[in-house]
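Two complexes follow with chain A in common, the first pairing it with chain B and the second with chain C.
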Partner chain A sequence: MAAPEFDIPEIKDDIEVPKLREGVMSHVKSFPAARPIQEFLGYPGELGDDWKERALGKMGDLLGKYRSLKVFLDACVHCGACTDKCHYYLGTSDPKNMPVARQELMRQVYRRYFTVAGKVFPGLVGAKELTRETLDAWYNYYYQCSECRRCSVFCPYGIDTAEITMAGREILNHVGIGQKYTNEILGKVIKIGNNLGLPGPALADTLEGLEEDMEADTGVPVKMPLDVKGAEVLLITPSADFFSEPHVESLIGYAKVFHAAGISWTLSSHASEAGNFGLFEANYEMMRKVAMRIRDAALELGVKRIVVGECGHAWRVAYSFWNTLTGIGYGGNDPFSIELQKQLDPSYPQPQHICELTNDLIKQGKIKVDPSANDDLVVTFHDSCNVARASRMGTEPGGQFDIPRELIRAVVNNFHDMADGTIREATFCCGGGGGLLTDDLMEVRVKGALPRATALNNVVKESQVNFLALICAICKAQFTKVLPKYGFDMSMVGGVHQLVSKAIKLD
Partner chain B sequence: MIYAGLFYVATFVLVAGLAYKIFDYSRTPAPLKIPTTPAPTTRPGVVYRMGKEVVLFESLFKSNKWIWLFGWLFHMGLFLVLARHLRYFTEPVWFWVDIVQPFGKYASLMMVAGLAGLLARRFLVDRVRYISTPSDYLMLLLLLGIGLSGMMMTFVVHTDIVALKAFFMGLIYFDTQPLPQDPVLLVHLALVALLMLIFPLSKLLHAPGVFFSPTRNQADNPREHRHVAAWAARLDQNS
Partner chain C sequence: MPMVNIAGKDVEVDEEGYLIDLSQWNEDVAKHMAVEEKVDMTENHWEVINFLREYYDEYQIAPAVRVLTKAIGKKLGPEKGNNKYLYELFPYGPAKQACKIAGLPKPTGCI
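Let's look at the complex of A and B:
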């Protein structure tokens, strides 16, 4: 079934705040998950008669477990600061894509059932009954949010719509309405070990093929080891790196970095996925279950370090949550976390981002690069939302912006940033994050990419930029597909380690 | 006498309501590290960030200069006005409250101007109009009513503030004194009591809420410190 036709927005000189047009995106609904996958994940297969009790019960449960949800639902004053911050509002002009309005879909129900004011004066405070229509609006609009946290930067109380979206999706799952794309991927990673559903032997085959290609290309036997016990580094990377273009070019870059630095490393067939779609649905247990595969692989292989490849939300989960969920990190004093901590090498951050690792190696002179190898390129860098606003690299706040740029500048001679207000903490999501990277949401993806496409267009015009460097598998897939709709060439999209790969000197 | 009762009830609702909410926020765990980054890596850094947020409205400044201007004028005006009002509740009056008097007097202009600006935005900006509920308008009108009735007494028709102070000191010492039967004062006090009553039940909870906002009050140190909520720690024991 093809998604309906829609108009591609026109790129203007500046990012403009549109007049609101009510309901223009209310027809967009991503495909719901089928019964078997819902049941496999432990959710009801379909909406039952008791859906309302289940929904409110789950909402109460989440309100007791997550301070963020409780405070965020109480604190909003409808000031309007966030109303022009979401790329989906800027690209679609549907007012329900304004962060506050997206939150209101849940807040009005919260007020009606969980607050005195909403029980006594529902009309006055905008409280509403939970109806099928509300539930449907949740499904529509909670899957038009990429959980990118741009709104949370600008909210005077730090209200993060992502927390509300995640809670909304978790409640939907608990009443039997799941999203096909996200839930099928969760099924694959839990059953097989990666989002692509690529079994161990196929992975081994792929890696062997890549080794042959690299040797033919460079004359150097660069390896891509799999399941090697006693390796120093376990590399956890998004499974798209094994198969998709341009992702695989970055995987080749990582392999060359390890080879040139003489660091023994391995991939794991058990934990062959950095991505963790459990994040998108807020389900703590699910997210933990997916992340535990990595802990298990690290213990099994006896590695000293864990390094994460180019993936935005995966880096959020790895950097911010792995220590909490799986004990990958430091500072735990319970037996569960000590078991792993005593195995890891304390002279490195755990987990470490591949950009941290490569940048350090270049600065220490342990690997050599020749930036003139990339002289055909004029490069700009897109800060991935989850890296920018939900994680860090290095020891200083903001290292997540500076380290990738430092690395790019080391391997290319021509670099231009996009305009302020569209990069660093104010970066725009690519439009495909948070579980939206599916063809049935193409209209949302294309329109949501408008702010980024506008900022990119300006550096293309002014500085002849011809390469958009990325550190996220979702950004890569999204831009490859969506930028051509705005008239850009898809080959201008690639990973930071694709640039490293070209510039690195191998012995 | 009605007003004495009203203020006892309003004070009780305000204090007990806020205390309950603060207790409720503090007992609800934040199971994951979710500071909006870049974020400070240490506790003192978090205090500094929160200070800038609460005093300067830093995030709002980044977001929208008009909302920031009106919001900041209103809140700082209100703060100075409230400080000035302490003279009705303290005997002897604290020295800094004396110093604040002239500023507090004209801060009411800031407060009312800010409120008027915020109200105008609710009508004029289509996005803000779309998200406004009846209570959003009424809340601004209530605060405007308080501000304007107060200014009436400061700048136009003075009330008997000696008797007024006796009334409030009487409330504090449980020795009820007569309240001047001045219509502007009665309106002012009734609106203030109403504000106190709805405070813990409404969006005015943004005041305590901001301090509990995990995106603002968490330090960015998840690799160095293991952060586990009690309900989540139980999962580690089963695996």
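Let's look at the complex of A and C:
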């Protein structure tokens, strides 16, 4: 690929706070979306003369709509607790990748136009005019934040930096500057049903091929049903699970679990995508439109349960937002929400994460596993940011950390966690989340993966770890691509259900 | 979008060098893109490229990696029907690099 060359950071023994190097990432600019994509999504095709009024108008609109945004812009006291918490700062050393500085790009404009002190004494309160230069800096640096919210864990005020990044991107879209990667994908999911743009017949052909493979491998006719009305479970999973390695290994794992447990299930060609990139741009209407496909499919197929596969941000949207986006929390008397509510089986969590489903089945003895099938592996687990910090699993606090680990320990004999401070709620982002998983941001992705690569390297050295287990399609694609830059083999990356797939007994 | 002159013909490509108009593809275009990608095209590379194009023609999408490895295994022998072999042919990844040379759009999503 014609990506520009850059230095790969060196892995040290510990995650070190680098010396500041002002502006070293200011050249990074993700490809902007072309006019047809922007217009399809309802945004201006390009930056117009009235961009400044539009930007400030949108900012005012968001401040009125989201009280949280106003609080987050007001509350920061510049204490600096977040400065060394961002993987992009740690990996790039650009001070604008310190969360406080990245937010300041918007906060200074907010003060100038939306606070009394900033309107009267802008110089005294660090308030600044919105200039074209600032707008360009927003585009540069709001696409060097993966909205992973690690900084928020350490902020004494609990400021959610991701929400500021999201607002920045929404304003940029509103003035005609969108990102090609995210917006192309939103177009595909709306037009075709998934982020890949995989049409129904291709999906059916792919699933058929996988059924043949599974039967050849196991001698058991494990199925991957598509659009089956009356199935008990609708599985919503990222389309990468159909398309890519190692993702597909987890899809095979889910199918084996349903087969072994005797649960009827189906995929949907209409909702053949769990991911919801609307989240990354904070456009509520877009996020709702994408989520609505899943409600439509669930009603159409008459399922009793909705289960979500290995996808980090999809689980956040499902767990935290489906209810108010498309469920009974939306509108109160929406007939379709009410119908779905009646249709779903209240004895299961709705939605349910695939890890919780499989873990429960193992604990109840409904499926049998042989962990020695994974004895060639020493496994560690990377908590995906959106699962770790924006959702939960099961009934207990911390279930989103404990359930995947409990499941892994049930299917492998050798497991070692990475160091405290790099896992669970303090997990580092893989470096490719939040709409950054694109080749034009490879420098940001590789450098942003440095903290995770460092923590991984330590368990590789100390405990001979040779498998990094994941529950997110973005994490899988990101690590497969960037870990080889740090000297790791890409085959050490895979899904939790890839491990389940090897250990499960099908007889 | 930039235009590239290949064998006397103007061809439109996107920022990353993928063809805009798929009908403009021919073997010269593929060879030109392969050089840009530093891929030395052999007969086995062409097998992959031809399969991608046939599949795209039928389904309007590149084949999933599993579908591709299986097809290549059938054509070139089972020892070559795996992801590792495809990475040997197309080091940047079969999905993206081979699609580019085959004149297909870039696959998108979490891949």
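Everything below uses one rule, namely that the second predicted complex is superposed on the first by the 497 of 507 C-alpha atoms of A that agree within 3 Å, B and C clash if a C-alpha of one lies under 4 Å from a C-alpha of the other, contacts with A are read in each partner's own complex, and residues count from 1 in each chain.
Here is the rule we go by: contacts are C-beta pairs under 8 Å (C-beta built on N, C-alpha and C of every residue); 3 or more make two chains touch, one makes a residue touch a chain.
Here the structure is a predicted model, which is why all the values come from computation and not from measurement.
*Asks:* Are chain B and chain C a fit on chain A, or do they clash, once the structures share the same frame?
*Replies:* Pair status: fit.
*Asks:* If you tally the residues of chain A touched by each partner, is the higher count for chain B or for chain C?
*Replies:* Of the two chains, more chain A residues are contacted by B.
*Asks:* Considering only touches as defined above, state whether A:Leu196 meets chain B (first), chain C (second), both or neither.
*Replies:* In the superposition, A:Leu196 touches chain C alone.
*Asks:* Which holds for A:Glu184: it touches chain B only (first), chain C only (second), both, or neither?
*Replies:* second
*Asks:* For A:Asp205 in the superposed arrangement: first (chain B), second (chain C), both or neither?
*Replies:* Only chain C is touched by A:Asp205; chain B is not.
*Asks:* Is A:Phe6 contacted by the first partner chain B, the second partner chain C, both or neither?
*Replies:* Touch status of A:Phe6: no partner.
*Asks:* On the A-aligned overlay, A:Cys155 touches which partner chain: chain B = first, chain C = second, or both, or neither?
*Replies:* A:Cys155 sits against chain B, while chain C stays out of touch.
*Asks:* For the overlay on chain A, what angle lies at chain A between chain B and chain C, C-alpha centres, nearest 10°?
*Replies:* Between the chain B and chain C centres, as viewed from chain A, the angle is 150 degrees.
*Asks:* Should A:Phe242 be classified as contacting the first partner (chain B), the second (chain C), both, or neither?
*Replies:* Only chain C; A:Phe242 stays clear of chain B.
*Asks:* Once both complexes sit on top of each other, what is the least C-alpha distance from chain B to chain C, rounded to whole angstrom?
*Replies:* Minimum C-alpha separation, chain B to chain C, in the superposed model is 23 Å.
*Asks:* Of all the chain A residues, which ones make contact with chain B and with chain C?
*Replies:* In chain A, no position sits in both the chain B and chain C interfaces.
*Asks:* Which positions of chain B touch chain A when the two form their complex?
*Replies:* 21, 24-25, 28-34, 36-41, 53, 57, 59-60, 62-64, 67, 71, 118, 121, 125-128, 130-136, 138, 198, 201-203, 205-206, 209-210, 212-216, 220, 222-229, 231-233, 235-237, 239
*Asks:* For the complex, give me every residue of chain A touching chain B.
*Replies:* 17, 19-20, 63-68, 70-72, 74-85, 95, 98, 100-101, 104, 115-117, 121, 123-126, 149, 152-160, 163, 284-285, 288, 292, 319-321, 323-324, 327, 329-334, 336-337, 349-351, 388-392, 395, 397-398, 400-401, 425-426
*Asks:* Going by the contact rule set out above, which residues of chain A touch chain C in the complex?
*Replies:* It is residues 1-2, 31, 180-181, 184-185, 188, 194-199, 201-202, 205-206, 209-210, 213, 238-240, 242-245, 247-248, 275, 311, 437, 439-440, 473-474, 476-477, 481, 491 of chain A that touch chain C.
*Asks:* Mind listing the chain C positions that touch chain A in their complex?
*Replies:* The touching residues are 15-17, 36-37, 59-61, 63-67, 70, 83-84, 92-93, 95-97, 107-111.
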